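A, B and C are the chain letters, set down in written order, and residue numbers restart from 1 in every chain.
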Amino acid sequence: MTTAVKGSAPRAARQAVRPSAGPWRRALGRLRRNRPAMIAGVGLLLIVLACVLAPVYANLVAHTDPFTSGASATTIVNGQQVPVLAQSTEGLGLGVTPIGPTWDPGHYLLGADNQGRDVMARLLYGGRNSLLIGLSSAVLCCTLATVLGVLAGYFGGWIDAVLSRFFDVIWAFPVYLLAICLSVVLLTSGLHLGPIHIDAGSLALPVVIIALIYVPYVARPLRGQVMALRNKEFLHAAVGLGASDLRVMRREVLPNVLPTVVVFLPLMTALNMLTESALSFLSVGVQSPDASWGTIINDGLALLYTRPVITIAAGLCVGLTAVALNVLGDGVRDALDPNARLRGGA
Amino acid sequence: MPEPLLEVSDLRIRFGGFTAVDGLSFSVRPGEVLGVVGESGSGKSVSMLGVLGLIRTPGAEISGSVVFRGRDLLTLKNAEMRAIRGREIAMIFQDPMTALTPVYTIGWQIAEQIRAHEKVSKRAARDRAITLLGEVGIPAPEQRVDAYPHEFSGGMRQRAVIAMALSCNPALLIADEPTTALDVTTQAQILDLMRRLRTEYGSAVVMITHDMGVVSEIADEVLVMYGGRAVERGTRREVFHGPRHPYTWGLLDSVPRVRGARARRLPTIPGTPGAAERGCPFADRCVHSFAACVEVPPLTGESGHLDACWLPEEERMR
Amino acid sequence: MVGYILRRFGAAVLVLFAISVLVFLIFFATPGVDPAARIAGKNADPATLAQVRASFGFDRPLPVQYAMMMKHLFVSHDLTSFVNRGTLVIPQIIDAVPVTLSLVVGAAVIWMVLGVAMGTLAGAMRGTVVDPLVMLLGVFGVSLPVYWLGEVVNLITQKELHDSVFSWVPPLGYVPISQGVGQWALHLLFPWLTLALLYAGIYARLLRGELINALNEDYVRTARAKGLSERRILIKHALRCSLIPIVSLFGLDFGALVGGAALLTEVVFGLPGVGKLTYQALQNLDLPVIMGTVLYAAFFVVLANAVVDVLYARLDPRVRRA
């Protein structure tokens, strides 16, 4: 009766021994289970794919060049030859009314703009630029912010004081106005700063400008995180072992702030894309004949009451992409770092 | 023997598939101090939150009965329960640093509780807050009444929380690890304070703790919990001088002794806390476990000293 | 508290100074750009160029140029637009300020009321249909371009449904409040709603998150143990603490909007505010006007930030000592 039932190891102890997956893998698992984020991710993938395939659409389906105006072009609607640009019948009859949506992928699916260019093809090409600028400026912005934020937080002292004041000043600027200032000055002459040369009208210009203005948004929270890390034991241990500052920053600090940077990336891409579209709408972003969703909304403005589809379609593209990015970004944040915060933009 | 103030029978609290409290029964008489001991996760805090109806997790199932002054609290409406909370039963939580709303003064928060239960003027409530703060040993209460929580030290905050809990003269005070977050000297002061207030206010106290030292100082009755169940119950004397459950033995052994032969290494209970899936919850970690332990042992015993263990009497001799 | 306010405003003045230097440097010292040619406008004749050079002291060292610029702006108020043939910049800005203020203040009232109401509702009614709706609106708030939403609103109210449902909507434009509050409000109604809708979504979503965090705090449990009503706990304790970050964000957004972030809304709805002024200056590269509006904007943003910090100290006793 006294035969003891010596259960092997206690149940709880056995669980603790099981090797745990890395934090990134676990975050990915959490993200996979987040249904809205996954739907957003798939939607985003489709949008990107469509934009990447823009030349295929333009050359093989629509047979059109979306960058040259076709004032006298004609197309076929219901078997009839019709001009793409019709003389306006309203008012003095001076303006032109482009053809509206034909819902025929081969012939001006969404109609033409006031220069007779295929709106659908332009939307796809414009999407390439919008996405490219959004993503590359987000990457540039996060990279700069990580370097500056880590430096400020790690060294403290006068480095921190200078960088923090710099962030304060940029932060105090309404972002659009700062972007406008920089764009106005740089757009006609390009940027020539030391070894960096960017030509006027280059797409790199809005990328650099947008990246710069949002640096404090990312750098400030990172700096705070690094400062908190500064007092952690493992950092003292690394310093005590004689690791150089550079090594400590790269091996100990960076891996700890990287999740926050990753959280910021999709959110900043959305924000930067919206900023690009706003700047292009104000004609200080992407320059003609290049297109972006912002310039297409602007193009459509003059035709808002006659051919609203141009503005509406381009706006929906921006909006849907931004919604997808934000939902995905929220998912990434929930999976990685529930405490990250981002100031909402106008 | 006076009528019990609080009589909990067969309390069961389940969160989804997880049973946090499994058939817990105990009673508290007026003016008595009941020490509830157990490791974290033994269900001691959850059961007290259940008594006060403070469990708000969606899908939590609570059954059994909690009779307080002749009324079953589990069947009361929200409004009726609110009238009891803070007025007849008050509760103090573990961490005084976060227990107070940061944006209001201490006095405001005490007065708020008084005015929630009694029709008194703001002035009168404030005066009572000052008196209470003085009674719990806060110096210069006339000035400190207008201080914000962050301007108090941890010990001072816990005093303020106790003052607030006592503001409506409750018949029962539930204190959930009130000294755990404090340093040792402050702990002793707060325990002193609670002992003194208990005689002055005559409130019964349920003191939740994992610290056998605290129990030995203040409790009249002791309830030892493991894995959501009561494993031993008795007077302080009975439990400390004749512990009957192997888990209680472990708890008592892991307290360093001041007198007598010193153990070379402080004994620990092997394994990590957590109830076994079936049978006696402690069986997984118990060095004495044997075949009978696959069944849940009932809480039985003579003359009020109860324990839940299958171990035969002769093996309990230590 | 007084010391705190003084220190805070001292810092604000410093930031303003830094911003004015930054703006100055962007416009006057960007490498490879001739500021005189930019200020004179496209195709300016040599006489105008010479006049610009003299007026801004481009042959003098940079600090002197900065001082002259500031003198034009703040002392003699005679910064002149060369593109627009001698129009003074400062009076233009002063004329435009009431329009911008009308737009932003009205929208701010609407979005704060809506945002706080929806956020509180969503936080308190978690698990009901209200919650995901607010979340969705919040996502749209950060995702939809405001100028585009404005265009769509215009399309509907001015064209598509103008003959039926929205026949009462006046044409685009601004009517000063001195010509009757009714007309003023009527003209601003849709600009207000457009601007407010997006912000209300953002704020509701933010407040919901804060509120849910607050409701899990220990002090809420204490409040329940005190026997307070759920309503009182929600409003007096959880909401009161959740509003602190909302208020600080509100100050920043309000300042940014008054300072020019509302420019897109103004352009779309044809409101002659500071943003529209900036937009027109952009169209013909009228640098003095842009400089003027940008500095005006910075002033408002910095002021708003300072006011917010002081307000923050009132709301949150923990930072008063800092």
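Assume a contact is a pair of C-beta atoms (placed from the backbone, for glycine too) under 8 Å apart; a residue touches a chain by one contact, two chains touch by 3 or more.
By chain, UniProt protein names: B = ABC transporter ATP-binding protein; C = ABC transporter permease.
In this text the structure is predicted, and so the values were computed from the model without any measurement.
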Point to revise | Greatest separation from subunit C - chain, by CA centre | key: B
Exercise for review: Just list the two chains that share the greatest number of C-beta contact pairs.
Suggested key: A-C
Review point. How many Å are there between the centre of subunit B and the centre of subunit C, using C-alpha atoms for each centre?
Key: 53
**Study point:** Gap in Å, rounded to a whole number, between the CA centres of subunit C and subunit A
**Key:** 23
Revision key, fill the gap. Per the touch rule above, subunit A residues touching subunit C in the complex are 165, 168-169, 172-178, 180-182, 184-186, 189-190, 192-193, 270-271, 274, 277-278, 281-284, 294, 297, 301, 304-305, 308, 311-312, 314-315, 318-319, 322-323, 325-327, 330, 343-346
Check your understanding: Inside the complex, what are the residues of subunit B that reach subunit C?
Key -> 52, 54, 58, 78, 82-87, 90-91, 93, 95, 98-103, 112-113, 116-117, 148, 150, 161, 164
Check your understanding: Once bound in the complex, which stretches of subunit C touch subunit A?
Key -> 15, 18-19, 22-23, 26-27, 30-33, 38, 139-149, 151-152, 154-155, 158-159, 199, 202, 206, 249, 252-253, 255-257, 259-264, 267, 278-279, 282-283, 285, 287, 290, 293-294, 297-298, 301-302, 305
Point to revise | subunit C residues within the subunit B interface of the complex | key: 127, 217-219, 221-230, 232, 236-237, 240-241, 244, 315-318
